[in-house]
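Okay, so chain A shows up in both of these, paired with chain B first and chain C after.
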Partner chain A sequence: MDLIQLFLAYAKTGIKTRFQYHMDSFLLSFAVFFREASSIFGVYFLLLKFDTLGDWNIKEIFFMFSIISATYSLFIMFFMVFRDFPDWIKHGDFDRILLRPRGIFVQMLLNGADWVAALSHGAISVLMFIVSANSVGIRWNATNILYYIVTIISGTVIQGAIFVFFSAFNFYFSKNHGIKEFVFWKSRRFATFPLSIYGRVVQNILMFVIPFAFVNYFPAQYLLRKSDMAAYPAYYMYLSPVIAVVSFTIAYLFWRFSLRYYQS
Partner chain B sequence: MIIVKNAVKIFDNEIHATDNVSFHISSCEKVGLIGVNGAGKTTLIRLICGLLRPDSGYIRVFRREPLSWDKTIGMKMGMVYGLGAILAGKGKVSFGFDALSCFAGSGNLDSELTIKNNFELIQTIYRIPQDLFWSRFDELDEALGVKEYMNYHINQLSLGQKMRAEIASVLIYEPELLILDEPFVGIDVSAKEAIRMLLKKLSMNKNTTIILATHNVEEIEKICNRVMFLDRGKMIYDGSFDKIKYLHGCMNTISVEFDEKIPDLQDLPIVKYEIENHRMKAWYNSDIVSAKEITAFIVSRYRIKDLLIHKPTIEEMIKSIYGGIST
Partner chain C sequence: MEEYIKFAKIKFISNFENKLNNIIEILETLFFFVIYWYVFRTLYDGKQTIDGITSGMAVTVMLLSVGFDYSYYKGKMYIQEKMRQGTLLVELIKPVDYRFRLFFEDMGTTLYFVIFRYVPVVFIAMLFAKLEGTKSVLYFVLFLISIFLGYIISWLFNFVCNEFAFFTLSVWGIVSIKNALIDIFGGVFVPVWFLPESVRHGLIFTPILSIYYIPINLYFGLYSGIKIFLAILYQLAWILILAWISDKVWKRGIDKVILKGAG
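On to the complex of A and B.
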């Protein structure tokens, strides 16, 4: 109850701040929207030429994309501080969090959430979902809806874990902006397309190192049942929540451990 | 309340920022921390609040090891950083990036939010009931005048306005231990006076322990009853102002302007004297000879135009502690 109150307070002040310059946030959300939309058009034109990519048609790829956008939208609500962590340390904002009598991690979640960008990514995901969800042969019964919700939550947590893990390096080196962004955005781009079209190395990385495959590919497989799933163990389709819990636990423990080495 | 024993903190560049410092501060004390820039004030404060850990030695705050994420300590402790602290301490010693850019964001207030939003967050974080919180806020507003900027963003405020908001944001949860690092830099005289009154009231009514770090001795003299001097990480003095006055306040001067030729003062037990035209300046130790004796001696023998007795100010006494000659 107490925690919810704190989260609500952060959300309230955050939304107020982000949206108070109406024109500014309006333009920013459009910019983000069109950036995302342009990558969707890229996929669209590619598939006009090839028709399918590893047995996946355009609607199915759009469906995968909608999962990525939805989870990313939630991710930037909760894990924004970890994305911009070097700046938080540099500007002394992290010291403020440290000195306040609440859990540090709890204070960091939701704090500084980029509500404008979250809204744009959310809009993209809803749009992609509307375009694809009813024409890819998914029966939206209770089980599938529940599975979808769990998928979105797991996907958000997995991406959060990646950022929490990499932001912990900032306790040791004050600058490592590059690595985190590179790893995350490259993986995210790979995850736009079905895992099966990549080589063995990339596949293994996306499954076991930066587990983006469990954000959208395997969950989408459960709902779509494409033929390329035969190359992977069937239980991978149910593994996303487990991967989320495990990766987040590892990331959190590593972060907590590294905090001991932090000198303001 | 605070125990520091043989604390040592050495930075990468082998500067001993805190060099074997030991002291004990009990509840309700008002301690002034004096030192020139780079003397190690900010480092010592950061050790106390757990943002830094000592390389060796022992520090306890509220009978706990200060770790900045300790919620029990966080609830009872308030930190105010002033501009001086941020420019001198954070900018140079620990990082080396542009100090001013770092000032933009640091402090207790989130620079992206308005004062109002910041205070709403503080109310939730410190679990203070709404009505109590805002009645305290009105009280603080009388002294600090932050209400009129309620809907301004922190980075829209002037330095003085920002400092007042910072101080209000800490005092509002009534910490048992209040640490202020250079809080008076950039604040006008009336606001300084208001803050001083506020601090006095706080320590009287709420038994707040106050640690005030500054290089402005005057402020410390007005607020604190105990003072510590730091010099290059070492504690060179720890005690009351009275003790300083007793130890270092005895070297007084007397300036006399004569109407005639400068006389011979060899009979008087003065330390030294300087002569310039008709004016003579003499240094004497007030423990050995009183001003009364000297003036009586001069007035009874010579015709004088003017006479001035000067007792050393605290500032001058401190200079003498730091190794200068008492003048």
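On to the complex of A and C.
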């Protein structure tokens, strides 16, 4: 309860700060929305010409995209500090957190959401969901709804784990070389399309190294049951929560361990 | 002119400092290309041509437009930054035209990016992707002229968007929307040939087709005779239009800065 109150307090100040200049914030939100939507526009125009990508039609790809946007939107609400972590260390903001009477990691999760981006990505995911959810043959019964909720939480945690893991390196090297961003955003772009279109190497990277396949492809397969799922073991469709817990535990332990080497 | 070329040269040389960034950028462009290479492989799925476009042409278009798009240095938010720092007027009293200086500096950086970030990607892509060559040496020369004109148009378009800094708090949004429009309609996310005909017709009234689409059509030799001349003329017209708009906005903006002393 106490944590929720703390999150709400941070959220309130965060939103007030970001939306101080109405016109500017509106334009900024629209720009983020439009920038993200641009890749989906590209897919839309391609499939207008080609009808399907493998076995996937446009609505099914929209549905898969809605999962990645929804999880990313939640990810931005909780893990943004880890994105900007080199700056937090450089400007001494992290020292401020160390002095406060709350858990270090918890404070970082609750603080520093990028609300403009979170709302824009959230809006895309809702839009894509509305456009696709009722026309891709999913029966929205209790089991599927529960599966969907678990998928969104797992996807958020998997992406968080990637960032927490890479941000731990900033305890050793304060300079940001852009590698974390590169690994994350470029892999995420691959996740716009069904995993099955890629070659073996790319597929393995997306399954076992940067596990974006478990953020949206396998969960979407559980709900859509496309024919290309035959190439993978069926239990992969149930693995997202496990991957989330395992990857987050590894990332968190590595982060805690690296914290010892922080020299302020 | 000589001093402006020096500005370009300095920027070109100063980029040698960040060699690690080159590797990251090469991988970034390559990853983007690889995604679309797989996408087109799946979309064509054994078909030879779609609307007269072979899969080799579609893949080559992506390599050209994505590669140049990543190489074109779109700069910092120059005017916005100077306005915030209050140093714009300092730039104006220097004995060189600030806008020309920026243009040449960006060109120096872009040339560096093309040589050290884009060309390696082309060589790597040639190892695994079946690319389509240019129609003839003459068309390749025309392509080079046209892509250079396209670069000028892209720079001017970007600069006009940056000039909004005179009137708004932040131009990040405007510049991002402009970039997204070029990505969607300019051929970065989807070859322009595959856009619906009505959309393509509408795009004639924007500078977007001049940036990559016209140079690419020349590369493949899709224009001939008078059409080549008209295509280049169309690009030159857009340079004039954008330069005129940019100049008008610049003058109004500078007046505002001088009157309010905000620069």
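As a convention for this text, the second predicted complex is superposed on the first by the 262 of 264 C-alpha atoms of A that agree within 3 Å, B and C clash if a C-alpha of one lies under 4 Å from a C-alpha of the other, contacts with A are read in each partner's own complex, and residues count from 1 in each chain.
To be clear about the criterion, a contact is a pair of C-beta atoms (placed from the backbone, for glycine too) under 8 Å apart; a residue touches a chain by one contact, two chains touch by 3 or more.
Small disclaimer: the values here were computed from a predicted structure and weren't measured.
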Which chain makes contact with more of the residues of chain A, chain B or else chain C? C
In the superposed arrangement, does A:141 touch chain B (first), chain C (second), both or neither? neither
Taking the superposition on A as described, I'd like to know which of chain B and chain C A:6 touches: first, second, both or neither. first
Check chain A for residues that touch chain B in one structure and chain C in the other, and list them. none
Using the touch definition up top, name the residues of chain A that touch chain C in the complex. 21, 23-24, 27-28, 30-32, 34-35, 37-39, 41-43, 45-46, 48-50, 53-54, 177-179, 182, 186, 189-190, 192-193, 197-199, 202
Parts of chain B lying in touch with chain A, wherever the complex brings them together: 46, 49-53, 68-69, 71-75, 77, 79, 86, 90, 94-95, 97, 101-102, 104-108, 110, 112-114, 117-118, 120-121, 123-127
Using the touch definition from the top, list the residues of chain A that touch chain B in their complex. 2, 5-6, 9-10, 12-13, 16-17, 90-93, 95-96, 98-104, 107, 112, 174, 259, 263-264
Which stretch or stretches of chain C touch chain A in the complex? 20-21, 24, 27-28, 31-32, 34-35, 38-39, 41-43, 50-51, 168-170, 172-174, 176-177, 179-181, 183-184, 188-190, 194-196, 199
